[in-house]
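In order of appearance the chains are A, B, C and D, and numbering begins at 1 in each one.
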Amino acid sequence: MNIIYFVAQQTMFFAIPLLIVALGGMFSERSGIINIALEGIMVIGAFAGIAFINVTQNSMSGQVLLLLAVLVAGISGGIFSLFHAFASIKLKADQTISGTALNMFAPAFAIFVARMVQGVQQVQFTDTFHISKVPFLGDIPVIGPILFQNSYITTYVGLLIALLSWLIINHTKFGLRLRSCGEHPQAADSVGINVYKIRYAGVFISGILGGIGGLAFVVPTSTNFNATVAGYGFLALAVLIFGQWRTKRIFFSAFFFGIMKTFASAYSGIPVLKDLPISNEIYKMIPYIATLIVLTFSSKNSQAPRAEGIPYDKGSR
Amino acid sequence: MEYVIEMNNITKIFGNFKALDDVTFKVRKGEVHALLGENGAGKSTLMSVLFGLYQAEKGEIYINGKSVQINNPNDANNLNIGMVHQHFKLVHNFTVLESIILGRETVKNGLLKKDDARKKVMELSERYKLKIDPDALISDITVGMQQRVEILKMLYCDNDILIFDEPTAVLTPQEIEELMKIMKYLVSEGKSIIFISHKLNEIKEVADRCTVLRKGKCIGTVDVSTTTKEQMSEMMVGRKINFNIEKKDIKTGNAVLEVKNLTIKAKNSKKNVVNDVSFEVRKGEILCIAGIDGNGQSELVYGIAGLLPINDGKIVLNGKDITKESIRKRCLSGMAHIPEDRHKDGLVLDFDLQQNAVLQTYYEPRFQNHGLIKFNAVKEYAKKLIKQYDIRSPREEDSIVRNMSGGNQQKLIIARELDRDPEIVLAVQPTRGLDVGATEYIHKQLIAQRDEQKAVLLLSLELDEVMNVSDRILVIYEGEIVGELNPKEITVKELGLYMAGSKRGVNYEKKS
Amino acid sequence: TTEKPKEDTNKESSSGETPDKSKEEAPAEGIELALITDVGTIDDKSFNQGAWEGVEAYAKEFGKTYKYYKPTEKSDSAYINSIELAVKAGAKVIVCPGFLFEVPIHTVQTQYPDVNFIILDGAPHPDGDYTPDIADNTYSIFYAEEEAGFLAGYSIVKEGYTKLGFMGGMAVPAVVRFGYGFVQGADYAAKELGLTEDVQVKYTYVGNFDATPENQAKASAWYNEGTEVIFACGGAVGNSVMKAAEAAGNKVIGVDVDQSGESETVITSSMKNLAKSVYDALTAYYANEFPGGTSVSLDATVEGVQLPMETSRFEKFTQADYDAIYGKVESKEVEILNDADVVEKSGKAAEEVTAADIPVEQVKVEVIK
Amino acid sequence: MKKNHNILELKGASSFFAALMAIVAGLLFGLVILLLSNAKEAFPAFLTILVGGFSAGARGIGQVIYYATPIIMTGLSVGFAFKTGLFNIGASGQFTCGAFIAIYIGIKWTFLPPEIHWLVALIGAMIAGAIWGSGPGLLKAFFNVNEVITSIMMNYIGMYLVNMTIVRTVYDALKNQSKSVAKSAVLPKAGLDKLFNTNNLNIGIIIAILSVIVIYIILQKTTFGYELKACGSNKNASKYAGINEKKSIVLSMVIAGALSGLGGGLLYLSGSGKYLQVLDILAPEGFNGISVALLGMSHPIGILFSGLFIAHLTVGGFNIQLYDFVPEVIDMIVAVIIYCGAFALLFKHLIIKFTSKPSLDSDINNKKENEKLKENINKLVITEETENLDNQKKDNKEEL
């Protein structure tokens, strides 16, 4: 039982950042803008969030601090993403251009600023927000240990974001409009929807979530931030595509990937897996191979937003 | 005289091209006002100005006598102007209901109030006899139903100036008839309608007055009841159009294409979209397959052309079994195909004209040498086609095809396919959306082909075309051939009955 | 804006290291002391940083100009380019931390006979031929990491832990020596304590020197399974392990430098005295006693290895205990096998030898591939 | 027809100017960053960046060429795939696989005659890259799997697989990296090393330039390239035209993979003392290839120059360490340059707009015809309307 709880808890650390960032990508792509800048946005979000914690941790601590850091990460990710929005919406540039540029810029910027300010490129933080057990909820049998022990508040932020994303995309005016812009912007325009504004909003939200995801990635897995999120932005992109751009499927893909990753890295602590005659590297490859296999059998009908990647030009038809 | 719309001296410039040049256009309250003009004359542009999609460089607009500024579709909406666009503006994975409320959503606690909307939509649907299923996905419904959705979109926000931009180009005869009725009903309720169409019959039927545009200029407005079709078309193209296609009688020869017991299964179900179809096309004839859209005719042609795998049956071209041949081999054996969807299948829109001109022949020795393209040969060939088939485009053979008008795109395809000197041409809706001039031209080309003892398999939804161009008609209904008719011996009405499935030919009793 | 960096150094946030800030007075004749960074960055809180601290300490104390250079990529030629850049800037002594410099230094030591090189963890040799070839202007320093590892293993078992883990970055010689020493130290303590049950050591190399969620997960899994202390022996891998330890309430042993400041969970650090050795070498240079042409292995006898007892968070293991065992190590009273010794003893081919081949009695090593 | 010629020339020129503008903007941004971080040394450092590879004479140029070679190859790989409608984000994995096979053959196949040893190794690298590239191609063609996601997955799988295989085959346990390759597998220098006075220069750059030319010819001059581009642009139309669109997709990815793989071979056989590390890190050359391709506007020749340019900046950025700056400044500058590529497109459109000849108005020819027609029509048109129209016009004039 203990081991199952452990796997569940550990899975959260992998799955939640992927979930948040992939959902961010969803908002951008369903508004019609491909966002390969997720990696860079995560870096910026994590950098700003951790830097915030670093600076304020002497006067604050615990959940309040982390939540404020989440806010800071979100806002900075959002602002950073506006560069992508500007280039791909206003300038109608190829959307891989600014995405690539942002991915390149972010880590260099993080290192540069960290060195300018403190001389060292790692930004250190003290973990005062680890939750070993949520009061009351943590004692619920089964659910308690899985969800409410050994966790971070970012986990709940992530789950909340998933719920809200589903609600917003499927059941609100904004969601309906956002989707129409990603599928058929001319149709949206013809009923008086400002496609540009909606797309800006979509990219901005992706920036916010990307930033939060970056922080949620670093906090449970390291004691400092060193200008990298280890390719998780690209993995989030993969989760997004794997999840067919739909909230629920993204949720499951993120957890599928999270579980695979957990098995791959923690197999040496899991009884059954440990004894299998499979080497370290094979375990590391398994999540990626599994994803490939699943994709092979599930991609016949891709549901990519139809207008994704195409700059919207009011004049053109 | 009271005008609901007055557009005065409108000028619209794209880049350095005057799409509308000092156009004045007025619509009376409660009339159906037709707008007529060649492809690219500026009809859609004029309507887009009225609807706020484009802003005119010059000119003014009065609605109900008041001067207005229409900067975006919202403004148009507030002035109760609605528009059904030439290319439907519907999101493929939205439900009908979502499509209708898009842009006019009502919310409660931040969430969509779909129930109220549903009630209102169903009321409208009942009142105007526009049958729809509010929960169906747009991609799952027929074009006719999509059109109804577009109309409901307009009615949903209580518009009383309704613009229909070429609404009939994609409809079946039955649906067109239905639409005409609806338009008449709407006008009787006091709404005003602008109706764009290339089909003069339709204009004659519903319109009160008609304004003719030509190359961005307003030629004039006429009373439809006192003007003949010929006069209108002359205003439009600047020359006389011959509506009666001249066809000399010729002898048909051997079968070029034989289709035997062809069966094609639907993608996601066990149903056969094409069910045991057999026929042959002979030298020197235009065989037309008539039917209402969605009865398997598209799949049939796709199957013959090799673009869709077939489940059963045999295709023989000039005595050679080509059932298993690749698309390239079929082309080489003399099959040409004018596809239904020119943008999807017929052209590489981002290539230029010359590159598209050799799309089917680039590998022939005259265009390549050891795999290297002979650019000069390609260019000369494109120039030849441009001249011979009168293809007009901004930059001749260097034009990017995306920037060419639909009519000229179609001409390019036809030039490319016919110039290969094929044994048989599969022509699928070759004149869809084209003006009378271009239509006439294409018909002439097809007939010339037949006169040269070549075969043509024509697929058309337009009854006029079917009756005028073809030598023999096969009617397809639910994937089966239900009758063989001679266009000289039947009436349009009869043909319609066959197509609707309520009548079957002698040899075509239902098997099951 | 020019003065900005200065005030920021007061921030208590980081370790307070201000590596490249002292050159405002960069004189015309150039920057005398140079360090080329290895795989990591200068502030990796580990290997590079240890070396850098030595350079910095000496330079500050004696007013020398100093600077570090980062190669564009990991290749011999890029390292050589960096060294050339340093020479161009006027370097007299160039410190090169890491065995990756072995081949590059072999080239440059003859190319620049007037420049002196200090190589840590390696000795120059030609490409493809591992016989050391040390010129008179090069000083090669090795460390007896097995002794440092031994001290760590010994202390931790003495402290009362019996479920241990070793997470190396990659199986490079220095890391291997740390690990082998660690196992032997644990064994020695177990025997000394007369434990009835075996000490368990989980042993692995994670495949990188980075803080990654995968490393954190791996460490978490071990802790979850009962491991009490993990010796994190691979630069930033430690940050992931510390994170896991924080969540699980377990302990970590740091490596190379005193890592106690990184996390409350760091119980001690298995140090090699990088800073001191570099400092000493520089002192020798300026005293015209540069030990060029030689290679040394710094061990306990010259304080080449140690545990930082002042900052360690031991409860049972005392300074006296430490001094006692240190004495034994220093006097070679205990025999500690290094990587080569283990290979020799096992009689297997070098590639097949693993930590399981270390001859121990009361330690059960579980090698995880 | 002269007219068209002008427009074409203009297009090339404006692309060039657009790229130039992006570069200037990026460099200015870099200057601002330098000024902000250390104003005193900003200008000399900036100069160092500009001078880049030229600072150290022929040797510096040699360095630039060395850095440029692999990223030209990956850039070509990404750019080629772009042109055929695919986003090859998997250049990294293909590069790694190519590199591995190159060093594997370089180490193990010493039985080969020395004259062809390196050549065989390079061919092996190409094949390995091609195989790795074919994966996403096959999945895309036959299972409709998005190539972006499969490429990302293949990157990781390739990296782990290579790590695993190195350890089992060509491992230098002392250094945790691959062993060094046999001398005969190192690329011939062909005198370039003497010319540029640097050891690691060899025929690699010549092979890269040849690849540029070959890809240019394939894309621009051959029917094969025509087919690939057609498929990239419109899959359905290609199928309709009898082109085997599945084959085209797979071939595109195979070629892209081969280019990346060859890049890996060129770098690791260059004799610069580069070894494959057993590290869980994706090869950065693959991602740099995206930048190179974008800056080169996916055009083979453009990619050649953008690769050289980025290498030039890399060397310059390395040299600014002589002053008080972190080399990451260069990454920021390159990022801004690429970003400004977006502005550049806008700029390009503007150039074309302002310089192209006004209106090819078709109306002019038809004027006479028009007037004749009007007479005929006037009979039909309701007079009331025309009067109104005329009045209106008069009114307008008076107002003016």
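Definition applied: a residue touches a chain if its C-beta (ideal position, glycine included) is under 8 Å from a C-beta of that chain, and two chains touch if they have at least 3 such contacts.
Everything numeric here is computed off the predicted structure, so don't read it as measured data.
More C-beta pairs touch across one of A-D and A-B than the other; that pair is A-D. Between chain A and chain D the centroid-to-centroid distance comes to 28 Å (mean Cα coordinates, whole Å). With each centre defined as the average position of its C-alpha atoms, the distance from chain A to chain B rounds to 45 Å.
As a whole-number value, the distance joining the C-alpha centres of chain B and chain C reads 76 Å. Chain centres here are Cα averages; for chain C and chain D they lie 41 Å apart. Residue positions of chain B touching 2 or more other chains: none. Shared interface positions of chain C, defined as residues touching 2 or more other chains, are 20-21, 207, 210, 212, 214.
Shared contact sites, meaning residues of chain A that touch two or more other chains, fall at 115-116, 279, 281, 284. Touching pairs of chains, sorted by label, consist of A-B, A-C, A-D, B-D, C-D. If you check the complex, the residues on chain B that touch chain D are 1, 8-9, 15-18, 24, 26, 212, 214-217, 219-223, 227, 231, 234-235, 238, 305, 307, 326-331, 337, 339, 344-351, 355, 359-360, 362-363, 367-368, 371-373, 392, 394-396, 398.
Listing the residues of chain C that touch chain A in their complex gives 4-5, 8-9, 11-15, 17-21, 41, 43, 45, 202, 204, 207, 210-218, 220-222, 224-225, 236, 239-240, 242-243, 246-249, 262-263, 368-369. Those residues of chain D that touch chain C in the shared complex are 35-40, 63, 66-67, 163, 171, 173-176, 179-180, 199-200, 272-275, 277-281, 314-315, 318-319, 321-322, 324, 326-327. Of all residues in chain B, only 14, 51, 53-54, 72-74, 76-77, 83, 85, 87, 89-94, 98, 101-105, 107, 110-112, 153 touch chain A in the complex they form.
In the complex of the two chains, the chain D residues touching chain B come out as 4, 7-8, 217, 221-224, 226, 229-230, 233-234, 236-244, 353, 358-363, 366, 369-370, 373-374, 376-378, 380-382, 384-386, 388-389, 392-393, 396.
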